[in-house]
Amino acid sequence: MKPLNIGLIGYGFMGRAHSNAYRKVNNFFDLEYQPVLKAICARNAENAAAFAKKWGYESVETDWRKLIARDDIDAIDICTPNNSHAEIAIAAAKAGKIILCEKPLSMNGPEGLKMVQAVEKAKVPNIVWYNYRRVPAVTMAKKLIEEGRLGKIFHYRAKFLQDWTISPDLPQGGAALWRLDVKAAGSGVTGDLLAHCIDTALWLNGSMDSVSAMTETFIKERKHTLTGKKQKVGIDDACAFLARFKNGSLATFESTRYARGHKALYTFEINGEHASIAWDLHDLHRLQYFDHKDEGKLRAWRSIHVTDHGGDHPYMDKWWVPGLQIGYEHSFIHQVADFLAGLAKGKPVGPTFRDALETQYVCDAVLKSARTKKWEKVKQ
Amino acid sequence: MKPLNIGLIGYGFMGRAHSNAYRKVNNFFDLEYQPVLKAICARNAENAAAFAKKWGYESVETDWRKLIARDDIDAIDICTPNNSHAEIAIAAAKAGKIILCEKPLSMNGPEGLKMVQAVEKAKVPNIVWYNYRRVPAVTMAKKLIEEGRLGKIFHYRAKFLQDWTISPDLPQGGAALWRLDVKAAGSGVTGDLLAHCIDTALWLNGSMDSVSAMTETFIKERKHTLTGKKQKVGIDDACAFLARFKNGSLATFESTRYARGHKALYTFEINGEHASIAWDLHDLHRLQYFDHKDEGKLRAWRSIHVTDHGGDHPYMDKWWVPGLQIGYEHSFIHQVADFLAGLAKGKPVGPTFRDALETQYVCDAVLKSARTKKWEKVKQ
Amino acid sequence: MKPLNIGLIGYGFMGRAHSNAYRKVNNFFDLEYQPVLKAICARNAENAAAFAKKWGYESVETDWRKLIARDDIDAIDICTPNNSHAEIAIAAAKAGKIILCEKPLSMNGPEGLKMVQAVEKAKVPNIVWYNYRRVPAVTMAKKLIEEGRLGKIFHYRAKFLQDWTISPDLPQGGAALWRLDVKAAGSGVTGDLLAHCIDTALWLNGSMDSVSAMTETFIKERKHTLTGKKQKVGIDDACAFLARFKNGSLATFESTRYARGHKALYTFEINGEHASIAWDLHDLHRLQYFDHKDEGKLRAWRSIHVTDHGGDHPYMDKWWVPGLQIGYEHSFIHQVADFLAGLAKGKPVGPTFRDALETQYVCDAVLKSARTKKWEKVKQ
Amino acid sequence: MKPLNIGLIGYGFMGRAHSNAYRKVNNFFDLEYQPVLKAICARNAENAAAFAKKWGYESVETDWRKLIARDDIDAIDICTPNNSHAEIAIAAAKAGKIILCEKPLSMNGPEGLKMVQAVEKAKVPNIVWYNYRRVPAVTMAKKLIEEGRLGKIFHYRAKFLQDWTISPDLPQGGAALWRLDVKAAGSGVTGDLLAHCIDTALWLNGSMDSVSAMTETFIKERKHTLTGKKQKVGIDDACAFLARFKNGSLATFESTRYARGHKALYTFEINGEHASIAWDLHDLHRLQYFDHKDEGKLRAWRSIHVTDHGGDHPYMDKWWVPGLQIGYEHSFIHQVADFLAGLAKGKPVGPTFRDALETQYVCDAVLKSARTKKWEKVKQ
């Protein structure tokens, strides 16, 4: 097996999810490449060292530029807040590194475009961690659509509901809460959560034409962790938008962190001429499917327990036995497996930076529409 | 339309359910016969008169013998406690009346046999109110089985769970609580709840060969409503039994009034070689169905919303529009509709007294097994 | 009991639902008034006579003006297509009749305003058949909100999904399909289905400030039943809109007749500071409830089986025993019961014509926004 | 961190599940011990070497006696068919090794007793892989019971339903299908599946007093993989039993491999005086809970998404963020974590061999009752 030396930047929630994926992938998938946890990079040397010990990273860096400069690093994995993705990725591309970048790709479309140009010029393999594409139920949804089972699509609807920022006492900013700080995050739920919904939607349903959006910031001021002062909240706490896809279908999207009872309820539903599909992240191992071609009296929503084997249910032959579910973390393992397989074949594996740029353009149009209160075209 | 003059005995819960069915059936079904609410009979004249007024009964009787003696009564509907079914039914049969009797048919098998002999000798149409057969989802289960979709049956399991007698302060006996008084009820959950499960099971899965049962009375003494004194509780609070059906399938049955969280959770599931079926009374308008013949990756339990039209979903073309559910009371309306249609054709409609006798024999075997602690054969 | 003589106009789906409610209400509710099925009115005399026989109407009229002119009629129930509501209602008001009008109130806001002025001038009791308010689970949602359990509301979302017009072979117009003919219906899903969602939303969440909508007509031409020719389809097949309520909450609404797998899936969800509520029409006897005040580890969505007694679950003490569900038709019975109780007390019972006018104004804003592609204020 | 050198015997399904647990546990749990994958032992040297490479085992053995003889092995993990557990475990105990043994402990009670005596005499830490105790939802069920929330227990019911042996063409015996060969497995579903149900039940509900069972072998003969000949099937394809627990509660248990539609549907439900609990393996990250102490109108089954943090939901603070589910494999990781923590404290962690012996005694009584057709006492 060929080693693929990983240099990971950032050791937060995503740093753990990716490290776990690198460590496990070869136990379950037969691959030419094997990730090697070469270096972890973070500004806080002590924390980085602790993380390295816990996960088996061979070395620690505190300056990402040094990491990129190292010859023994093949791939840079960017797990930092959104506002540093572009600078790191462009430098890594120039250094000829393979890049795996956390989502969203960038703070906005124009910044994302520069990143795309950098990786395409450097011809380095690149991917963005829109991991939900590789939940087996979601991958199967893609296959069912590709097989033409749904026919013409009439409707797409997606939501991503959370409830963790309802308290006005929650501060913004800092290592733990940078997602509430518009300078670090670029936006609120739009870039954090709707970006996931949009990536899946573009993948499953093609390009979007135009949107009409509204956003709201329910808590107007929060103490900033770094300054200790109350500061205006710049992010969108909630965002909902209408959309028209190029295939003629109508869509609704919504995300919020103010929906009591929902921790990470990403849901989507697609209604086609012949069949419909629905999925939700709280029971991610199930796919709901309705097929009008079924015999009349037996027509119904099927709750498919996506754990079967024999090549039928995506990825599941690699895991346990039918009936035994896998979880959230496995979507990252699948992404690494597919990425490594693509590397071996010299083929790009999506979502590439270019794929992810399209999501940025939708986010830009959404945020613009929320300001202009008009329908906005999505840049192509 | 021909009138069918009804004489109802008893005005409790079942008196209401039946009266509602008689009043509504011709609004929704095209039938030759129309029930006429001719007389209500009950010992308490005042209560009977109030009931008559509420439901539109033309007259009141306080002695069921007088009711039976009336020439203007075509059919006797028995809604009294179990210990009076036999006497009334046998007298009504002798008087040549059509009989609709509440379940369970009788206090036990031998008593039930006399009732069967009486109606068969008198050649009077007769039926027992095992209403759950005519919940559309249950009727559809029967059809799916008859169509051979399940293939050889391996397993049958049924439960009827309630939670209303957990408090030791609840008394026994009297008009409201005769179900707790063994003298009026004959048994506890076995005759009250398991009888429903058994009736459905015999209908769907054929005859039972033998059983092994256990019963328990959790609260040993309760105040008796009539005497005001603490008396031994003679009924079974809970009963579970194993069974072997003649078709070779294995079964488990259970009922209790001590299952917190369940008000009237009658459930059954049948596993066949090719397909499985499940249903529960708390969502009675749905049928769960799994068909192994479905394409591999799409194989799943279907939650059929049994509300569709066009002859597909039993009885539903008589009601509203697809998607709009009906409820518990409709099972009685369907039974009346079928019974009246059978009357017009001169054909018996099940469950007849003879059908219901088989349920009594199973109950007898169950209660005997609980005493002997051995497997007991079911009388045929 | 005082009789309330009903004159029903129209014998379609709603004519049956209302007739059933009038016939049953006094069997289950203790009321001063008792509806009497005095006359059914429809242009087709033969059909009207058949309906009268089936439901027990004492007489038949073929001209609604004659019906209104009759002294023995106390209340006019309007079950005709939308384009005749105003003329009939205004005439009935002038004649001093009580009016029960099917929803939507009118073809549009201005027409609805005239109807409101007519009934208010005539001081006649009036109500609109937005029946879903009186599904017990929905009524309970209202009570939970009124008790302050949800706190400040952040989000409201509602959908009404059907799938019955996907086939391009379905014609428009005529007695059965007037809902597809814009001249008879005024609009498509907006007036037919979203009107229900809007009525409930205004009731539960207060007035709406502004909306941004999109509509689509997927099938552009359909044969007209009356002319036999292909004609342009004027209705909206699908409509989705964003809304801002006056209480600061954000909302999404959507309706379509092109959602495979959904027959009548009306759903709503409300997210408040402390608690959330969700409901859907396909399992109308359940209310989903999440309360953040619950102990941490036990916090969860509760699936409340709204069938309990003792005054706890609205209306349910009138029906069967706990655990036994009622259905769609009962919402109409509850509306009649409440209306008759209000009549006895001389108190208006909502939704009155004035309440329903607010829904028309929202519909007007929605349809206008779909045309202007801008946010539109809702007329107050 | 102290290394704990593991010698694993067997590389089948369980070999993978355990290896995964050893590799991951220290990434997520803070522990004094770290498992080291020292040696894999299996008769087929080539397969063992491939497994060693895939999972990072440092060495390979083909004779388990040699493995046990090695000084650099601290712990023996037994993942072989049931008929070799006793011999290996007793030898390992004599050699002073820590032992982790797959379930069921043994072929029967007497054999299990010898194993218990061996480990207790040798004073070696020992545990049996009844992994379901450590699914977070199941662990939480245990805590809720210990907190007294259920009160007196009335009912316990458990099932383990599969459907993978319905085809008569499936052979018995050999590496893949030893579970169908009575000589290797000892019994069918009783030892394989019911043993899980019984272990959980004894843990949650205390000791069992007596049982009445039935078993069935639906397919009487199957080709044997090793001999190539049709041979009598000696295992039980299905088993159901009634039980009485010492705490006075009544129970039903059932397992089969002939239940179409169920791949690994392990379910249990417990009804107590105050509250009820239910769980199923197909949605293992949820716990169903009903508490009668809840306010009347809000009383309902709660579907707890057991993914929350802060010490509330067992084990979940070690994983991702609230709302993101884990899967089947995590139960093994939790068992290793608990076992290693116990090792550090010098405290036994259940289920020990002694705990697992009690399950064997129940299985013995069940199989005996199926033969005698009588109630049988469980050996204590």
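Just so it is clear, A, B, C and D label the chains in written order, and each chain counts residues from 1 on its own.
Here is the rule we go by: a contact is a pair of C-beta atoms (placed from the backbone, for glycine too) under 8 Å apart; a residue touches a chain by one contact, two chains touch by 3 or more.
Here the structure is a predicted model, which is why all the values come from computation and not from measurement.
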Q: Please state whether A-C or A-B has more C-beta contact pairs across its interface.
A: A-C
Q.
Farthest chain from subunit B, going by the mean of C-alpha atoms per chain?
A. A
Q) Which whole number of Å gives the spacing of the CA centres of subunit A and subunit C? A) 42
Q. In whole angstrom, what separates the CA-based centres of subunit A and subunit D?
A. 36
Q. Taking each chain's centre as its mean C-alpha position, how far apart are subunit A and subunit B in Å?
A. 55
Q. Among the residues of subunit A, which are close enough to touch at least two other chains?
A. 262, 301, 305, 308
Q. Which part of subunit B faces subunit A closely enough to touch in the complex?
A. 140, 289, 291, 296-305, 308, 310, 312-313
Q. Subunit C touches which residues of subunit B in the complex?
A. 13, 16-17, 19-20, 23-24, 26-27, 54-55, 162, 164, 262-265, 281-286, 305, 307-308, 319-330
Q. Tell me, which parts of subunit A touch subunit C in their complex?
A. 154-155, 157, 161, 163, 166, 212-214, 216, 218, 238, 240-242, 244, 248, 250, 252, 254, 256, 258-262, 271-276, 290, 292, 301, 373-375
